[in-house]
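Worksheet: the structure to be examined is printed underneath.
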Amino acid sequence: MILTLLILVPLIAGIFSFIAKDGAKGLALISSLVTLGLAAYISMAANTASLSWTMQWIPRLGAQLSFQADGMSAMLCLLTAIIMPVIFISNWNKEVEKPGAFYGLMLLSQAGITGVFLAYDALLFYFFWELALIPVYFLCSRWGGEKRIPVTFKFFVYTFVGSLMMLSALIYLSLQNTGVSAYSWQNIVRAGASLPAVQQQFLFWLIFIAFAVKMPIFPFHTWQPDTYEQSPTPVTIILSALMVKMGMFGVIRWLMPVLPAGVAFWSNTIIILSVIGIIYASLIAIVQTDLKRLVAYSSIAHMGLMSAAAFAQTNVGLHGLMVQMFNHGINITGMWLIVSMVEQRWGTRDMGKLGGMAITAPKMAIALVIISLANVALPLTNGFIGEFMLFNGLFESASPYHITFMVVAGLGIILGAVYTLNMVQKTAYGNATAMTTGGDITANEYVGLAIVIGLILVLGIYPKPLLDMTAGFANMMIP
Amino acid sequence: MKAIIATTVFGIVLMFAGLVAKEKRSISTLAIVLLVALLGVNIWDLVTTPATAPQSFFNNMLRIDRYALWFNTLMTGCTVLYALLVGKDIEKVGVHVAEYFALIFFILCGVYLLTSYNNMLMLFLGIEILSIPQYILAGSDKRNLKSSEAALKYFLMGSFSTGILLMGITLLYGATGTFNIVGFSFLQSDLVNPLAIAGILFLMIALGFKVSAAPMHTWTPDVYDGAPTPFTAYMATVVKASAFLAFMRLFSVSFGSLSSHWMMLLAIITAATLLVGNLTAVFQQSVKRMLAYSSIAQAGFMLFAVLAVNATAWQGMLIYAVAYSVATIGMFAVLLKMKDYTYDGFNGLAKKEPVLAFFTTIFILSLAGIPLTGGFMAKYFVLLAAVEQGQLFWLVIFGLLMAAISAYYYFRVIIAMYFKQGNAELNEEVTGTDKFWLAVTCVLVVLIGTVPQLFLNNI
Amino acid sequence: MPIQYYLFLSMALFCIGIMGTLMRRNAIIILMCIEMMLNAVNLLLVAFSKMYNDPSAQIFVFFIMVVAAAEVAVGLAIIVMMYRKVHSVDINILNRLKH
Amino acid sequence: MTNLVYLVPLFPLIGFLINGIGWRKMPKSAGGAIGSIAILASFIVSLGIFFEVKSTGATTIVHLFDFIQSGKLYIPFSFQVDALSSLFLLIITGIGFLIHVYSTSYMHDDEGMVKYFAFLNLFVFSMLLLVLGANYLIMFIGWEGVGLCSYLLIGFWFKNRDYTNAAKKAFIMNRIGDLGFLVGMLMILFHFGTLTYADFFNNLHNSDVAISNNMYNWIAICLFIGAMGKSAQIPLYTWLPDAMAGPTPVSALIHAATMVTAGIYMIARSSALYNLAPLAQNLVGIIGLATAILAASIAIKQYDIKKVLAYSTVSQLGFMFLALGMGAYTTAVFHVMTHAFFKALLFLGSGSVIHAMGGEQDIRKMGGLNKHMRITGITFLIGCLAIAGIPGFSGFFSKDEILAATYAHSPVMYYLALGAALMTAFYMFRLYFLTFTGSFRGTEEQHHHLHESPAAMTIPLIVLAFFAIVGGYVGLPPVISEHHSLNSFLRSVVSNFGEHELSHATEWMLMGLSSGLVIITIIIAYAVNKKPNFAPNTGLAKTLENKWYVDELYDAVIVNPLQKLSGLLDRFAERMGIDGLVNGVGKIVRWGSDRVRLLQSGQVGFYIFVMVIGMTLLFAISFFWIQ
Amino acid sequence: MGIYEVLFWFLTVMAISCALGVILSRNPVNSVLFLIATFFAVSGHYILLNAQFLAIVNIIVYAGAIMVLFLFVIMLMNLNADTEPQKNRLVQLAGVISGGALFLVVLAAFRTTTVSVLEQSATDIGLIKNLGKTLFTQFVLPFEISSVLFLSAMIGAIVIGKKE
């Protein structure tokens, strides 16, 4: 029941905040803090036993309202629950048009995302998958930049095509089952795993495309930089910190166990795509001048590594992936917070026009440097643990090309340093030319950044809680 | 059976009411009352009919099962909703308000026949009873040349397709010697009589015409566009859904065993319908015309149910019919409030009428098939049925790709309402009553999308 | 007399009717061609009725005539309405609705 | 005492935190004091540890907490205290303390002084982690940590774009090496399942883990790539000269005495592995030798006082790698130690000069500084003598040991190494003569300002000079003393490989040869630079002045193509290719829509026509294709 | 070839040629007359097929009532040969070809039909008595229901036809 609360709280708060208008901000914050508490409880409880809750829904189809939280779900729910208050806090003094709708949609998307992470029924999963998308679409299109309409529409159609493909595969799989729980995870897994290899290989793509678009994996990524660029920053955070995790989550929950033969057959291909994506995105990030685009491409590169490690199918890689999903969410949130502060204060994201943040806003510059270092996976920041384990997993994969994969993927950390340091250099260093006005971070931004940086350092130095939380899941998936 | 009698009687009552009543308002109120009564009759029928075997009437002319009854009830319900939402607008079409409502009752009679016919003759009559009032309604706005054009086009093509329908029936009769749809005996299972095949093909084309499947769809945009909007709303929803049921009844019940002979063809038709409907809708400037094309596209999805020939398909058809009808009626009700039917006419509606815009969004999302709305469940069921059938997975994927295209033109409405600057002008004040009924419609849409079981429990 | 003969005759009439609808622009003539198609159907039905020695086909023909009459009534009304407005029965004149 | 080893990195960390948090509000002197005291505290603890290790000779592992645990992967956060690490502790904290003290004066005018001390403390902390770690991952943490601090300190004056570029370059080049290190670590993990030194080295000889010799070589090479980056070897050395953009004490500490020797530490630490990987070992030697020669040749024609020292550092690091390659690990460590003394001394001396010259670094504008800065001059001379290898000074012993080991291995390499050593003597004395002797060539104003540095700067110079002289006596060559105290101290940890015992006669001969040649070279250097001629260089000299155009080569071969490639990918593959494809699909749909809707001609005749055609086609398909 | 065959072929030729006349004649009035002739030919066939009642009804209802209605309308509108613009040749040709193609395809499809030969013997199913019985027993529902059709057609004629 507590699992449903995790979804219901933001859902109901979201609906109410449409009416609440000016009070929406507070409502959103309260709701997000409540969910944080719930998520914290669940992640502690999920350590020992997985929680679940099931109810009849559509007996005709065999779909149930079924939620279950294991290590991965709990971890991702916790991430969601942490990110949302951070967003709300750091945007506290920012005026948005129509706050009621804005915060309402934010909360609805939170409900959707949480639902995705908890759903243990294929149809329910699909429902939440879309429920998470629609509010984000509205948020981007309503509050985004000047080219927001075509861009977010592209994003929407892109992901919509993906999810429809997934839907067809889910239908196919569910038909292998009968009875009241035809869509339950266990039954879908059983159905998928018992299919002949050829069918699995075919279905693999149908499902994978949905996740690949969401993550995004090269070459399904082109919606992403545009969308990140045009979205308002709180939404960009949701997109990049949480929604990309939905893709990764999907791969692990709804693809790998479901179509083992398909995954085995295509894993090398996907790893190659992912690795290409790492290099490709990193190279492109190097020549970006827009801060948001740069971070967007950097995110593609990071997701490439995660997906490569996921398909390497090793225990340590998977465990690292769990850690890295969390950490990437935290880091990129920090990154966007900074980007939004820059944009808000100096009115531009063009790195050519920025410079000297370290003089005018030293606190922000320090935060930027720390977050950037986490972004390049410097040891003792949280980024390192995950990346090390991911590389380890990739290296240990059974593929004959495992060393090549790892080394080429590793080039990404060099290129990552190139573009990240470029960014730091161009924004934080140099003389304050354009960035003369605007003060340092305000109190609420300070809190937001402090949470992010605190997590970066704490989890970088002492990652054990996170590792413990997800160890059981990783061992269950790949002993 | 009671409903057929009731609707006929109510139709006649309304005709005469037109002579007595002086005020349009009272006529439409009477119509609504009668429709509610009709709904009551339907429910009465539903409740009193035992859930066991279907009942036959009049020497097997009609064969009424619970499915048909439930479908009739739902369609009548949709009609009630329709009358509540656009009743006011019907009054504005012309002077013969009583006649219009009477025709709607007669159309309902056709609907009831089509859901339960057991004889080709009843099919023929049903389709004619369904069509002739539509020709008239399409041309009812006599001040408007477009209306006349719509009527003429509809009439000419409709009669033409009647000819084809009859040829099909005749050839089938030639092959089997009976008009009874459950009595068809197709000889030689391996080498089926070409007469039968040709008959099935002619029927496929004629019924395809009624449900506006490509390449027989060409009348749809023009007629829906030209006809007075309140009547378009009805034609595109309840009428089309019942034509589909007739289609399905024939092909599933009678020709199911021959499906290898026609499935491929119908699959081609389905693909063409999806393609043409979705593709053409993309370029439209008028929302009304877009809805016409979208109805073609939606027909493509309903054809999946016809194709699938299984139990799920029946449920899918039912859900689809209701979900699609409710959302489309809602959409048309909104459209009727607008002064300008183009996309630009919707610009900035969200600012002016946030509630109306919200309702529109729900309808649009449903039409686009987004989860939590009826449209999704409907699509889901028919696709499920098609996949269950086994050979149509390619078509399912194609259909889903087309659904993605459909998002393009549906979302343009949302984009116009929410994200574009503009001053959407309304035709008339949106009253509280309007909002209430629109809200009810929305709730229905969401209910179908979340608890479809509610609508399947009775069959 | 093989039934094929009637089949082919009826088909010939039917297709001539179709050709007529395609070739002519006069709405009334098109309506007439459609009537011809119905007649072709009627003829075939009667032939089948003879073949099966079954009166129901003839009843069907009867109904077709009935419906055709009703349809013609409505159709002619529509055509007259059109004529009143544009003073022509040319179907190509009415093409405001397109694309 | 060894149980308190966590205190050693803890003090600098506390110093970092205090200075780091209060960097804007704290008074400068407080920052300097806190920074220095933190290091001093560490130094004291280190001393205690050193003597304890010296007396017991035991290896202690101090487990702090579990860092990463996942399945088979287990990496504790633990420290290993043994001879090698305790020696490095001393070098780091000792020299670190001196440089902190020096900095309190040197940086006193800088507004970011507290921040500077924070970074410096962080650096010491990272460096201590590097040497203390009980497994490669902890070493890697320190490894990257020092890279970070180097980055921060090179770019300390962040307003200057060139400086920040240099910082970036340092970080990225280090990252390239780090990737090698990472791959090496993963290979070790893959084959041995552990990163802990003790387990790894035990398993190396364990026959259960049967891996091919090739694999030892690969692992060793990968680790060496890491060392190349950190210790500025060919081909990853170009960042180190640029790193001179940072404050001079930083150059002394990080880019001379400690951080750059991390590579040597790592390979010495992994000596057991390298002993099994002859190929990799040879590679190390060859790269080291090549670097020593190349860097020395470049140093000959540099005019920036710090650049000369930087290239000298690269060259000396090359010597150390040469020693490692010869299997003489302790010798390399020995040279690390002596080099730390005299190179820190030289850098601090140059800092003192620069301080006096008001920031001027070009030796063409100096000269005759001896008259104004006696202490600096004398200590600098001691440094030069030490690095040149004049008998009696520390550099002589360590360098001679390297040369001897090389001779034992391959005479050809010996002669090459000797050449490099002579070049060292030449450029160092060129530097000394140009800077401290002759007449002043700078502006009047600079001349007027010339003064000896304050005590906080000169005392460290004197201390270091002392060690630059006596530091070599811990490792007297066998011909003088059979008791090589450093060797015996390290023996428990580092095992030299294939040591060839040279006959005493040969040793004497080699010592004599090198000493004699060095002295001759110094005389030549004096002769050449007595009347300095700064005409534009031509030919080889110009090539040397331009550092063999290696930077240009890298720009042309790697950096620019990469930039171009990125640009092309962005423009063509991304925007036109993939995005174009996606948008193209959209366009095709719209185009198709535009065409298809023309079917809707509005003429009912055409509509029926379409219907009939469709009907005919369906019939044709049905009767001629399906059946 | 007996009288039956002769009549069959005569009526067939008449029906087809008159049908062609309908679509080819330029004057609408001629078309109507040709159509009436076609109906007569078809009625002749009905008689050959022993459907005497339908033959009569066909003549009365179709040729008599419906066609007269057509004629009325044509006269009312004063349509003559010159007023009807012709479609261009290409469109006409396309119409002929597509119609012909359909015919050929259907013909080819029915090539192989194995349907029995019609007996020449007379039956009495086409008599009014039999038909009436069938109509009012088996087909009573359609008979009643068709009244709805007529009602709507009636309404239509009023709604559409009435001048406003």
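In order of appearance the chains are A, B, C, D and E, and numbering begins at 1 in each one.
Basically, contacts are C-beta pairs under 8 Å (C-beta built on N, C-alpha and C of every residue); 3 or more make two chains touch, one makes a residue touch a chain.
Because the structure is a prediction, the values reported are computed rather than measured.
Shared contact partners of chain C and chain D are B, E. Remark: the per-chain Cα centre closest to the mean position of all protein Cα atoms belongs to A.
Set side by side, the interfaces A-B and B-C show unequal numbers of C-beta pairs in contact, with more at B-C.
Farthest chain from chain D, judged by C-alpha centroids: E. The distance from the centre of chain D to the centre of chain E, with each centre set as the mean of the Cα atoms, comes to 101 Å.
If you average the Cα atoms of chain C and of chain E, the two centres end up 7 Å apart. Annotation: 37 Å between the Cα-based centres of chain A and chain D.
For this pair, chain A with chain C, the centres built from the Cα atoms lie 64 Å apart.
Contact of a single residue of chain B with at least two other chains is seen at positions 121, 125, 128, 132, 135-136, 139, 142, 151-153, 156, 160, 174, 194, 197-198, 221-222, 283, 408. Across the assembly, chain E contributes 87, 91, 94-95, 98-99, 102, 106, 109-110, 113, 115, 138-139, 142, 146, 149, 152-153, 156, 160 as residues in contact with two or more other chains. Residue positions of chain C touching 2 or more other chains, listed in rising order: 3, 7, 17-18, 21-22, 25, 31, 51, 54, 56, 59, 63, 67, 70-71, 74, 78-79, 81, 91-92, 94-99. Chains touching one another form the pairs A-B, A-D, B-C, B-D, B-E, C-D, C-E, D-E. The touching residues of chain B, counted against chain D in their complex, run 152-153, 156-157, 160-161, 164, 194, 197-198, 201, 204-205, 209, 214-216, 218-219, 221-222, 261-262, 264-265, 268-269, 276, 279-284, 405, 408.
Contacts from chain E toward chain C in the complex involve residues 4-5, 8, 12, 15-16, 19-20, 22-23, 28, 31-32, 35, 38-39, 42, 45-46, 49-51, 53-54, 57-58, 61-62, 65-66, 69-70, 73-74, 76-77, 79, 83-87, 91-92, 94-96, 98-100, 102-103, 106-107, 110, 113, 115-120, 123, 125-126, 130-131, 134-135, 138-139, 142, 146, 149-150, 152-154, 156-157, 160-161, 163.
Every residue of chain A that touches chain B in the complex is listed here, in rising order: 57-61, 123, 126-127, 129-131, 134, 138, 141-142, 148-149, 153, 156-157, 160-161, 164-165, 167-168, 171-172, 174-175, 206. Residue ranges of chain E in contact with chain B, taken from their complex: 106, 109-110, 112-115, 137-142, 145-146, 148-149, 151-153, 155-156, 158-160, 164. Residues 605, 609, 612-613, 615-616, 619-620, 622-624 of chain D are the ones that touch chain E when the two sit in their complex.
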